[in-house]
Amino acid sequence: MKLSPMFVCGATLVAVWSLIALAAPLLATHDPYAIDFEALLAPPSADHWFGSDNVGRDTYSRVIYGSRLALYIGLLGVIAPMIIGMTIGLLAGYFGGWVDTIAMRVLDITVPFPFFVLVLSIVAVLGPGIENYFIALALVGWVGYARLARAEAIVLRSSEFVLAARTMGFSHPYILFRHVLPNAMSPVVVYMMTDVTLVILFGAALGFLGMGVSPPAAEWGVMIAEGQIYISSAWWISFFPGLAMVLIGVGFALMGDGLAKMLRIER
Amino acid sequence: MNPLLSVRNLFVRFGETLAVDDVSFDLPKGGALGIVGESGSGKSVTCRALMKLLPTTALAKGEINFDGQDILGASEATLNTLRGKRIAMIFQSPASHLDPLMRIGDQVAETLRKHTDLKGRAIHQEVLRLLDVVRIPEPERWAQAYPHQLSGGMKQRAMIAGALACKPDLLLADEPTTALDATVQKSVLDLLVDLRKSQGLSMIFVSHDLGAVARVCEDVIVMRKSRVVETGKTREVIDAPQHEYTQMLIASHPDRLTLHTPQPVPQATPLIEARGMQIRYGGGGLIDILTKRAGGFLAVKGADFTVQPGETLGIVGESGSGKSTMARALVGLVKPAAGEILFEGAPAKPLGRNRAAYLRDVQLVYQHPYEALSPRMRIRDAIAEPLRRHKLCPAQEVPARVADLMAQVDLDPTLGDRLPAQLSGGQCQRVAIARALAMDPRVLIADEVTSALDVTLQAQVMDLLIRLQKERGLTMIFISHDLAVIRRLCNSVIVMRRGEIVEAGPTGQVFDDPAQEYTRTLIDAIPRLEAAHP
Amino acid sequence: MINAKGLVIVTFATATLAGGAIAQDIVRIASPNKVTTLDPIASAAAGNIEAFGQLYARLLRKDAEGKLQPALAESWTVSDDGLTYTFELRDAKFSDGSEITAEDVAFSLNRVAKDEASAYPAAYAPVSAFTAVDEDTVSLTLDYPSAPMLSYMEIFNAGIVSKDDVEARGEDAFAADPVSSGPFMVDVWKPNDRLTLKANPNYWREGYPKVAGADLIEVQDDNTRTSMMLAGEIDANRGVPFAQVDEVDASDSVNVPLSPSTLIYGVMPNHTKPPFDNLNVRKAAAMALNREATTKAMTLGKAVVANSTLPNALTYHNADIAPPAYDPAAARELLESEDALGAEITLMITPTFEQAATLLKAQWDAAGFKTTVERVDGGLWWDRLTKGDYQVTINWWYNETEDPDLAVRWAVCGSCGNNSYYTNYNNEDVNQMVEDALREQDDAKRGALYKEIQRISTEELAQIPLYYPPFANAYSTRIKGLTLTPALQWTLEETEIVN
Amino acid sequence: MKILRFIVSRLLQSVPVLLGVSIVTFLLMVNTPGDPIRLLVGVRASDETIAIIRDRYGLDDPILSQYFTYLGNLVQGDLGASLRFKVPVSELVAQFYPVTLFLVVYSIVLILPPVILLSVWSAKRPNGPADQIIRIVGVIGLAMPVFWVGLLFARFFGVTLGLFPVSGFGTTIPEHFLHLFLPSLTTAIWVVPILTRNLRSALLDEMNRDYVTAGMSKGLGAPQVFRTHVFPNSLLPTLNLFAVIVAYLLGGSVIVETVYAVPGMGKLMVDSILARDYFVVQGATLVFALTTIVVMLAVDILSALIDPRINT
């Protein structure tokens, strides 16, 4: 499999962010949570590379540390929906019949909900916080994965190698895990890459509506939301986390595109 | 007289790969030239180059002269005045070459609209005439139909109608009969032969089947690995092939293969027996249950047959006849609606609790070599899988057994680490067979295992099966739409049509003296090398 | 290409259309506060209060200096024991043209004071009854004297409604489209979007209101309101974030005067939950805070640091007291001595207090607390606050009048129904003084009582006061005379459109 | 008639779906901590007052009986009344729904031309410079938080250039177009890349189909083959995604409506969630769900009209 240049670009970007996240303590110039009454809204300077925010915290250090939370939210936020969605989708697609009927009815009920509003309501029920955001995503976000996995499983179910495995007398769980799953993964993984971007964005949007991560966490979305009222007087507060968000989003999206190309499913 | 088409030193290159390597030929007006070769030999690329219908990645060099017009050097605009009007083309799989969203009539009319001044009513009349020419019954009705509503043969006729619309001087036919059933294949070939006469067509006919080419063309060129290996009059090439490869090609043709008639071990109880087997697809929906109807579609309408140990039973029939469905019922992939299957005289339950034990004795090998293996599993693991899962041998012996199985099917042991996509079709089919053999079955059901392979590979796989049967005393059920293959391998045969067994008996008897008209049509439709133009 | 062309066309259309849309003879005010009901007794939420003032005339009104003036009541007398008030009504009409009678006044005020669903009857606790003596005379009898009683005849829920209207159509229909007695009447109310008012032709004040109508638009997002203000889509913006005051003020067509308010921002410890049930821990929490710097950071220097548990705009504000001064080292020692060093505390906030929470957490943690910030939405915040299910939180409050009676009842009285703003601060002496001060008719003695209440509650840190912010509202130069009174009432009837 | 029967049967099928949606919403709402009455009567009201009002609203009844009361009313077409405003939910929906619908349709109108243009442009030369630029710009558009873009647009187009209103809906149709331009544009910024990407790959898929070769062999020429064969076939997969996008747009309207103070359903929904206005949330969710169902139905019918293979 030849690495597509797009994938390499994207993967490099994501890798760089991962490195930044890992090495945050080394890269940061300030304590990302340390307030400084002497440096409120300081513009970018030698001391504060990206300026400082409304409580004097160093924006650069917060952007650096924010990468940890962004990756955490992005990755964890898609893993649970993916696992749930894959499981339901594969079972529904592979077995068909009443399993499929039930799964599809649940899906039918989830789909017409406006996605964002449902996440919002669930967060309202569970209370704010990243964990609850993950739960909300898991409860809502599985739908996309389930659809993809189901579509793949329906095709794979009647493919000759799955039939062959059945005529070898293998059990259904074994076939599902060993033969169907690996071959159903590609579109799901590609979708996941876009989903990571969306999950980070949705997290930010929740922050905008005041239901995101609690302060003083260095979360880009919350930083952007907080910095909004300073857009004319201290643009750097929201600009740099915004830029970071775009860069990581671009990384994942390019990775997804590249992956799609490599796996020849071009989406 | 100048030839209608003259090709000189044609090269086509895709990146590093040379797809057509120095091909030259002439086609006189009114002539028919066949291009024969196996997959990847460059025959189709050559054919498409004649219309400069190549992907943008292709680089074509050389000279193609059509009636004084240089094709390779022509502009796209010039080419578009030739394509469809003076040179027309028909393709292999009519299903994918017709736009699924457009009515048949409109697709035929497209050429007319583009290249003639006909309008409205006149176009409609002309479309109906063309459909009639290609012997589509009720043209009025089918012109309104969409491609998916037509049978494969009808689709191909519709495509031919489109190609003939502007009375082209040259018809390029790129494997036009390959995906069709034998009887349909024959009728399409007959149509082409007729059209040549009635319309004065010149034709280039590309096929992997020398028999089909022999029926249509007086001249033939044989291609292999992008190069022309032999050229000549069809008759002469068939009768006295010069090149080694051509010789092999001809020798591999089912027509020329030596018959193999294994003798069944006489025994009181047949190894496998089917009694009144009925198989239904669909149905069982809520409405069906409520109305106490069976619903769905009956794919097999009650089949009885027996297979003696050591026997090879052939099941033959056209697509949709229910032959594969029956095979799948034997290994429990579909559940018969009625009837029973006996194994060694005892009721077998391919779907029951002991299915693993039953399946150890009865194995199925599938049609499409690449699809029958998980694309993400190395072939060594694929072969080892049944051994490991069913603990058929101690774990430490698995590698040795795998090597042994690979040797049995003539697979190079170094291929073990490859993925299916890195193998050829023939190799994949061997892997599939080795995998089935790993179970050490007593019955091997081969479902169209040779159909997707080139003739030479087809012959090799058949040889392999014959050898295995001899060595292991296998009982085989061999399913194919290809009567020639069945005749070679089987000692008894069942002919199926629309879910019913219409004829059954010893191979020799069925082939030499068929009791049913249908069987006779099938036998007549076998492309034969002998049928070549004199 | 097609796009660019389309954009040009749309732009052109815009320019032509936008030109014609500006001329308006109504005042447009955008506020983050929502109007949820038009029934003056049904709610004491900010958005509704702002609307009530425009729809319902009161017996008295305040002039620009804050002095009480006759309104619907032309004159009034108070008995010597302070238990009977008699109001003489002027000849005035409701928006539907019917007379405003003593019957209506008694009905409206009894409703506020006595109806069990009245959202905020605290001011009327001493009321025995309002009675219509005759067509133009209403008498108010009290069970015990109340010094600020007269001033309560001016607050938001003392508006006069039409008895006939409420009884004929029912409270729900009334609450959506009432007959009004104030300067304006309802034109269209689109719940959750805007309340459009038009001038009430029957308003008793001749020549008022001076504008044809007003739009009270609900716009939650601070930035959106600012954009609207700068784009000239509104005439007033209720609540400019301090961060944007200078920027908005710099615009030629907009002014952001900082006007006095009775607002106070403070930290609210829960006095029944450890560790803040311990005075020394509260002291440490106060000493850990650099309130000057915190105030500066939060208001960019536009607010005064608070020194008392009561707003400084109130009469009898005690200027001589102060919470313990900033001294993180001493705070740490205090915590250590109380064995509370490293005490884990949870600071519950609504999203508007993110910046404050960050500042508090950093300072508290520096002094030896371990703070977790828990952000909840407004609905949950109220729920947990009123149930006492929190350790410490931050919020603001304001007072309807300059008289401190309602303020002390709200903020530091443990026996007045709101448990000292739900902090459960409960000092018997303070509670007693609250009641005494209400009944005290001598101004100097009353003042002394309120100063003492402030001294004790500040010393005991009933709340940790942070700052007294001004109102930062933006006004277009298109209008004149609009301001928000400390009692949260727009002076819309005095407003004129000048351009 | 066949189509009519299909529509009716699909709408009937949506009844259990809507019932499920309503149960889920109801469960979510009653489990959300926070008291609607407290938010209703304001901060100063005493606990006693609140208890009295709770009782008046029937909020102290058992949850099940509350739901069945609600369902009973729903069957009679009564969506209930808002706790906050005491006005019928249907009135609120009638007030806000058209605005959001206008916004969504307007967004779609703004989205389609660039989607078609860009995807055709980039599919013409896959991985060429135009394709790469479109892809990168698209990814950036996708990765920008909507509320941030909204703020910048409002400040730039609205305040600095003064071209477009930054808030509201207006009263006349031309005003609607004007007022919703920036919100729709902001929405388009992130939807265009998604749809472009999809249509592009559908186009690429279809361009490699055999019938394209067949069309070329008839001398139709690339533009005509593209117009008559490739494009119609590419629309099918994009159409399906489109239905999903509309559902997303409805939900995503929350953000743009907040940023541009558009009086629409999204804003009503969020405000109602925050105020625990149960019946408004219920009603709005049902209307949203019904819209999505109708859009999906429309997409299915449209697909069936385009594609004769689909059985209606």
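So that you can tell them apart, the chains are marked A, B, C and D in the order they are listed, and the count of residues begins at 1 in each.
Here is the rule we use: contacts are C-beta pairs under 8 Å (C-beta built on N, C-alpha and C of every residue); 3 or more make two chains touch, one makes a residue touch a chain.
Being a predicted model, the structure only gives us computed values, none of them experimental.
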- Message: Need the most distant chain from chain B, centre defined as the mean of C-alpha atoms.
- Response: C
- Item | Higher-contact pair (C-beta pairs counted), A-D versus A-B | A-D
- Just how far, in Å, is the C-alpha centre of chain D from the one of chain A? 21
- Task: Averaging only over C-alpha atoms, locate the centres of chain B and chain D and give their separation in whole Å.
- Result: 49
- Take the average of all CA coordinates in chain A, do the same for chain C, and state the distance between these two points in whole angstrom. 42
- Where chain C touches two or more other chains at once, by residue number: 223, 377, 379-380
- Item | Residues of chain D touching at least two other chains | 32-34, 151, 155, 258, 274
- For chain B, what residues touch not just one other chain but two or more? none
- May I ask you to sort the chain touch graph into line, ring, star, complete or other? other
- Item | chain C - residues contacting chain A, complex | 222-223, 226, 241, 243-244, 246-247, 290, 293, 296-297, 300, 350-352, 354-355, 357-359, 361-363, 373-377, 379-380
- Message: Applying the document's contact rule, which stretches of chain C touch chain D when the two form their complex?
- Response: 1-3, 6, 10-11, 13-15, 17-18, 21, 30, 34, 36-37, 42-46, 48, 116-122, 172, 175-176, 190-194, 217, 219-221, 223-225, 227-228, 230-231, 233, 377-380, 382-384, 386, 397, 410, 417-418
- Query: Which residues, counting only chain D, touch chain B once they are in their complex?
  - Reply: 209-211, 213-222, 224, 228-229, 232-233, 306-309
- Considering the complex alone, what residue numbers of chain B touch chain A? 328, 331-333, 355-356, 359-360, 363-364, 366-368, 371-377, 385-386, 389-390, 432, 435, 439
- Note on the structure: Per the touch rule, the chain A residues reaching chain B in their complex are 159-161, 163-170, 174, 178-179, 182-183
